[in-house]
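Chain naming follows the written order as A, B and C, and within any one chain the residues start at number 1.
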Amino acid sequence: MADALLDVRRLSRRFAAVDALKAVDFSVQAGEIHALIGPNGAGKTTFIHHVSGALLPDSGSVHFAGRDVTRLSMHQRVRAGMARSYQITNVFLGLSALDNVVLAVQGRADAGSSFRFWRPVRDETALFDDARSYLDQVGLSSKTGVVAGQLSHGEQRALELAMALATRPQLLLLDEPMAGTGPEESARMVELIEHLARHVTILLVEHDMAAVFRLADRISVLVNGQLICSGTPDEVKNDAGVRRAYLGDHL
Amino acid sequence: MAFYRPASWQKPLSLLLLCAALALPSALAAFGQEFYIGFATRVLIFALAASSLNLVLGFGGMVSLGHAAFLGAGAYAAAICQQAGINEALLAFPAAMGIAGLFALVVGAISLRTRGVYFIMITLAFAQMAYYLFISARSWGGDDGLPLNGRMTLAGFSLADDAALFYAAAGLLALAMLFFGRLAEARFGRTLQAIRENETRMEALGYPVFRYRLVAFALGGAVAGLAGALLANLTGLASPNLLQWTQSGTLLVMVIIGGVGYLYGGVVGAAVLLLLEESLVGVTEHWHIILGLLLLAVVLFAPKGVAALFGKRRG
Amino acid sequence: MFQLILEQALNGLQFGLMLFLLAAGLTLVFGIMDCINLAHGSLYMVGAYFVAAATQAADSFWIGLAVGVAGAAILGLLLELALFRRLYQRDHLSQVLATFALILIANETVRAIWGPAALMLNPPEALAGPVEIGDFFYPAYRLLIIAFGIAIAGLLYLLVAKSRVGMWVRAGAANREMTEALGINVRGLFTAVFVFGAALCALAGGLLGPLLAVQVGMGESVLILAFVVIIIGGIGSIRGALVGSLIVGTVDTLGRALLPTLLRATLPADAASTLGPALASILIYLLMAGILFFKPQGLFPARA
């Protein structure tokens, strides 16, 4: 797996007396949609936090694009090409959709320093043009001027995605993008992710199994902080350990 | 809290106020009330100091309870400059800003590693440390403070005349407000406010949050240092009392009653508080009780400050 | 020299224990209610005035102490019911503003009632002299304070670490929502902790009264020291408050007593006389900065 885009080795983390992650080996190949599933409390969100840099592991390593990022902070990893969306919608509710994405564009290394004290942002047309293209990609081009707080839940989720995309990631970490969305909105989100996957590698954490099995190229299963299985959707479906973990649950 | 956006009336009103300020010394002189020029200068200087705290607190969301330390550092820097033979404000004031800013950079670098109640207490503790340092520094006058030998010159013009110092303070305040207004809408200000709203999100967009906070904190400290240098010129003394923590509390009170995060929150708050003080002192020597009760009323009934009350009335 | 060090070490212990009385209440209010109370020092000041006034009226230090502490507890109760209860849910900024206002009111009210001059509070006569241990003399009253401090610290430890109420308090400090969800009367608990903190303040104020002057503004300097203690020890941790208090008490006392001498031995006299007092007065702040640099949450963080 030398050419894996994301390569996690023997990642471990304890909270108080609880092993949240036990020597997890995990990798994502460039270009794939890799889904991480597992029962509630399995440690999925903890794992994502460790990949994105919100938390640091007790031991083990995280390599990204051939570089050891284990000790890098979250913003450094974002700059290195890793972006994430949040389980709970996490946009600036008081700003317009476009202004939200402008913030994301402005944070990018190639957009220049943000230690600029004089020129109003609204005069920087390049930022706005760029930001609009990401709203187009997620289907929000008609909502650019709408304050984020006024958008529907599904639209806010899409906006969240646009912001992540605007950082121009190589890898997109999506933490339950369907959470709290209705069936129609879910369907739209699945289409959107499919569309995005043409340009960017995706690590998807999701509870909606229909969506997972439709989207994922590979699936990994996390149970009690341990990775019990990793493979194609068919392999995972037929894995005895997975069946045991999920018995009577989703599958 | 919302992102800063100037109201349409803000620019004309600012210009109007500036003109009024320029006319004030002659108006006061015409009525034989020159005494109040000094008071008006004090209001302007504290407006500057409170506005510098507003950058930290209002736009940066950092509840600093040690801002007076930078005010005091600026005052001492100015007095020390004069001792060293530098009597020109064009040199001494930037030096005061530099010293105060550098001091703020160090304090910020340690304090900003913490959050919430910790941050409040640590900034307070650092300010207290500076206070004790100046009190025990005998070569700088210790308890008594460091007196100035008369006022400085600004670009060769003497500030000895009260009106001249008033104009200098008004001009510097106007420049600072212009700068803060531009900053709030520029990349840095937008970033700072976004960090105030949602730190984690900004981190996840690739922003080195700590660095932005630190720069804002140091910038606020530098401008407070400028206010301190002006204050030393006004009172003729760099006093350790300037660094007392009650002074930090007073600056905080000014920003809060003026309106946290409103561009002119610090200016309004400084004017309201000092006018209140000036009028209450005449009524009773125990005016602090009245002030305290008024502040409690503000907390309980007008939590967004006086500026917000006006804002509501305008719809 | 040894005598001096022993005496100063005892003084440091005594000061640290009194700081602990203040810091214990403060750290719990911070930890459980997430409320910053700048007026905690005012409770200490008002408590000392109560004790001094009651002692004068009753002509007995012990009655004065008991009455003063009870008075401060009642004041704490009234404050909690009338004001603090509304502040817990507010942001830190409102808490700072409100409690700053309380300081202004408290200082000025005390000045209006008792005047600007410091009050004298005499220790009980039986304890006025020194105690002789071998050839070492130490004031009996200070020894009593140390004994008192140790007893209360032990009591507090038992109360918080072993009793059921203490368990709730610790649970509340670690996770307020969860404690509430488990059906603990958090409101009543808050009131009790606040009142208890106020009583401890007055106790410290009353006990220290004969050693320091009872005067307006005495609360603020000690409040900031209590802050330093809590920062060092970790918010919400009684153990942290105890360790922090002892560190701050000893370092501050020993620093002030020994540092100038120490510097004089190593530096030119001129530099030593400038640097000594300055360094001694900021020693604990340097210590705090150092600890924070390595442990931003303090030595014993209550919350994981």
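The criterion applied here is as follows: contacts are C-beta pairs under 8 Å (C-beta built on N, C-alpha and C of every residue); 3 or more make two chains touch, one makes a residue touch a chain.
Source: prediction; values computed, not measured.
Trainee: Among the other chains, which touch subunit A and subunit B together?
Mentor: Correct list: empty, since no chain touches both.
Trainee: Going by C-alpha centroids, which chain is farthest from subunit C? Tell me that one.
Mentor: A
Trainee: How far is the middle of subunit A from the middle of subunit B, if each middle is the mean of its Cα atoms, in Å?
Mentor: Subunit A and subunit B have C-alpha centres separated by 43 Å.
Trainee: Could you tell me the distance, in whole angstrom, between the mean C-alpha positions of subunit A and subunit C?
Mentor: Distance between chain centres: 49 Å.
Trainee: Compute the distance, rounded to whole Å, between the mean C-alpha positions of subunit B and subunit C.
Mentor: So the centre of subunit B lies 31 Å away from the centre of subunit C.
Trainee: Where on subunit B does subunit C make contact in their complex?
Mentor: Counting only subunit B, the residues touching subunit C are 57, 63, 65, 110, 113-114, 116-118, 120-122, 124-126, 128-129, 132-133, 135-139, 245-246, 249, 252-253, 256, 260, 286-289, 291-296, 298-300, 303.
Trainee: Across the complex, what residues on subunit B touch subunit A?
Mentor: 1-3, 179, 182-183, 185-191, 194, 197-198, 200-209, 212, 215
Trainee: If you look only at subunit A, which of its residues touch subunit B in the complex?
Mentor: 52, 54, 73-76, 78-79, 83-84, 86, 90-92, 94-95, 103-104, 106-109, 113-122, 124, 163, 167
Trainee: In the complex formed with subunit B, which residues of subunit C make contact?
Mentor: 30, 34, 36, 38, 83, 86-87, 90, 92-94, 96-98, 100-105, 107-109, 111-112, 220, 224, 227-228, 230-231, 235, 273-274, 277-278, 280-282, 285-286, 288-289, 292-293, 296-297
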